[in-house]
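Following this line, the structures themselves.
Two complexes follow with chain A in common, the first pairing it with chain B and the second with chain C.
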Partner chain A sequence: MGVDIIFKIAAIGIVVSILNQVLIQSGRQEQAMMTTLAGLVIVLMMVAKQIMTLFETVRTMFQF
Partner chain B sequence: MLVLKILGGILIIISSILIGLIKAKDFEKRTADLRDIISILQVLETEICYKSNILSVAMLNCAQLKSGSNTASFFKRASELLENRDMSSEEAWHEAVTKNIKKTSLREEDLQILLCLGNSLGTSDYEGQIKNIGFIIKQVDGQVAKADAECSKYQAMYRKLGILSGIAVVIMLF
Partner chain C sequence: MEIAQITGIGLIATILIIVIKNQKPEMAIQLSIITGIVIFMMVIGKFTAIINLLSDLSKKTNIDTIYMTTLLKIVGIAYIAEFGAEICKDAGEGSIASKIELAGKVMIMFLAVPIITSLLNLIVKLVN
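After this line comes the complex of A and B, so read on.
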């Protein structure tokens, strides 16, 4: 798994927050909220993949 | 392999920066186009008032004066239509504007104002024409002020959006 997923999530977080600020500053609040939600969904998908791998590993562990 | 990845990432960032820049430039061009229309209309007013040329000749002269910009194409096309076919000046202007609006960066509301001009073009006497053109110039002036405000607000925004979305895409792909 490594640390690169952590870096990816951190980088996406930074980019989404900057995008959020830029859009709020120029008055488009709904689009700012949409980009925040989109970033959240992307990160959740990445984390969900890892959780799937975790469950598989646990299952194979307990089947000996 | 890593070099190819980096190269691809750089290409994506450059192309999204360029898209942001192009969108930002569109706002600038709208202001420039609106200002062009004002100056051409003022020349038209002078032509009608002092030289008493017929509409097609007056429009051709105006178009030649500002032949660099895209808005001159309205006037050129309208003068061609007036000379070649048997349309009323209103119809000729209407067709010239609707066909050529795509070349400029003007919008729906600007189109409506320009079509308004055609409504009383060539119908009243020359004092009425002058008043009509003066009225349209005032309206376009108002649009210029609005476009200026929009321009400054959205230009910076689109540029930053371009850069940021490029970076976001590259991060997600890696």
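After this line comes the complex of A and C, so read on.
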């Protein structure tokens, strides 16, 4: 695990917000909403995996 | 110079979070979670050495290992509860954060029960 995941999530966030704005400008509100939701779910899956790793590490380190 | 690395990661992540926060606050929260995890993973190696030192010391001084493991468990619970509560607080959910803290306190109290019991037994024995 490295720093690249931070940049990955930041890039996803920026790209999704740009897509969101473009879609809203062209009058496709539902698709903009869907893009936001998809980006959020993708990032949430990455974050959930990392949180699981963190909790496993803490559990093994502190001998639960 | 690991500390320079960690500070750099923190500063860069902060700037990225501020950039994203205006457009997508939910993404910013996830970014801050990941930053916390990455920084924790960087220091975890040093922490293992400290824990090994503590357990060596307790072995040398014949302290019961139950106390040592309880202590470590309490530190772990406190860390996890603090991690979650701070993220909830950052997202503006102060009430959920205080519930997580309450749960952490209850768990710590529950783990400390055997120690408190043995202490009380000792006191009762002394009094009688």
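Everything below uses one rule, namely that the second predicted complex is superposed on the first by the 63 of 64 C-alpha atoms of A that agree within 3 Å, B and C clash if a C-alpha of one lies under 4 Å from a C-alpha of the other, contacts with A are read in each partner's own complex, and residues count from 1 in each chain.
Quick note on the criterion: a contact is a pair of C-beta atoms (placed from the backbone, for glycine too) under 8 Å apart; a residue touches a chain by one contact, two chains touch by 3 or more.
As the structure is a computational prediction, the values presented were derived from the model and not from experiment.
**Q** A:Gln63 contacts which: chain B (first), chain C (second), both, neither?
**A** Second partner only.
**Q** Look at the residues of chain A and decide whether chain B or chain C touches more of them.
**A** With both complexes superposed on chain A, more residues of chain A are touched by C.
**Q** Using the superposition on chain A described above, determine whether A:Gly2 touches chain B (first), chain C (second), both, or neither.
**A** second
**Q** After superposition on the shared chain, which partner residues are touched by A:Ile12: those of chain B (first), chain C (second), both, or neither?
**A** A:Ile12: touches chain B and chain C.
**Q** For chain A, what residues appear in both contact lists, the one with chain B and the one with chain C?
**A** Touching chain B in the first complex and chain C in the second, residues 12, 16 of chain A appear in both lists.
**Q** How about chain A: which of its residues touch chain B in the complex?
**A** Listed in rising order, the residues of chain A that touch chain B are 8, 11-12, 15-16, 18-19, 22-23, 25-27, 42.
**Q** Touching residues of chain B toward chain A in the complex: what are they?
**A** My answer: residues 153-154, 156-157, 160-161, 164-165, 167-168, 171-172, 174.
**Q** Taking the complex as given, what residues does chain C use to touch chain A?
**A** Counting only chain C, the residues touching chain A are 9, 12-13, 16, 19-20, 23-24, 26-28, 30-31, 33-35, 37-38, 40-41, 44, 47-48, 51, 69, 72-73, 75-76, 79-80, 83.
**Q** State the interface residues of chain A toward chain C in the complex, per the touch definition above.
**A** 1-3, 5-7, 9-10, 12-14, 16-17, 20-21, 36, 39-40, 43-44, 46-47, 50-51, 53-55, 57-59, 61-64
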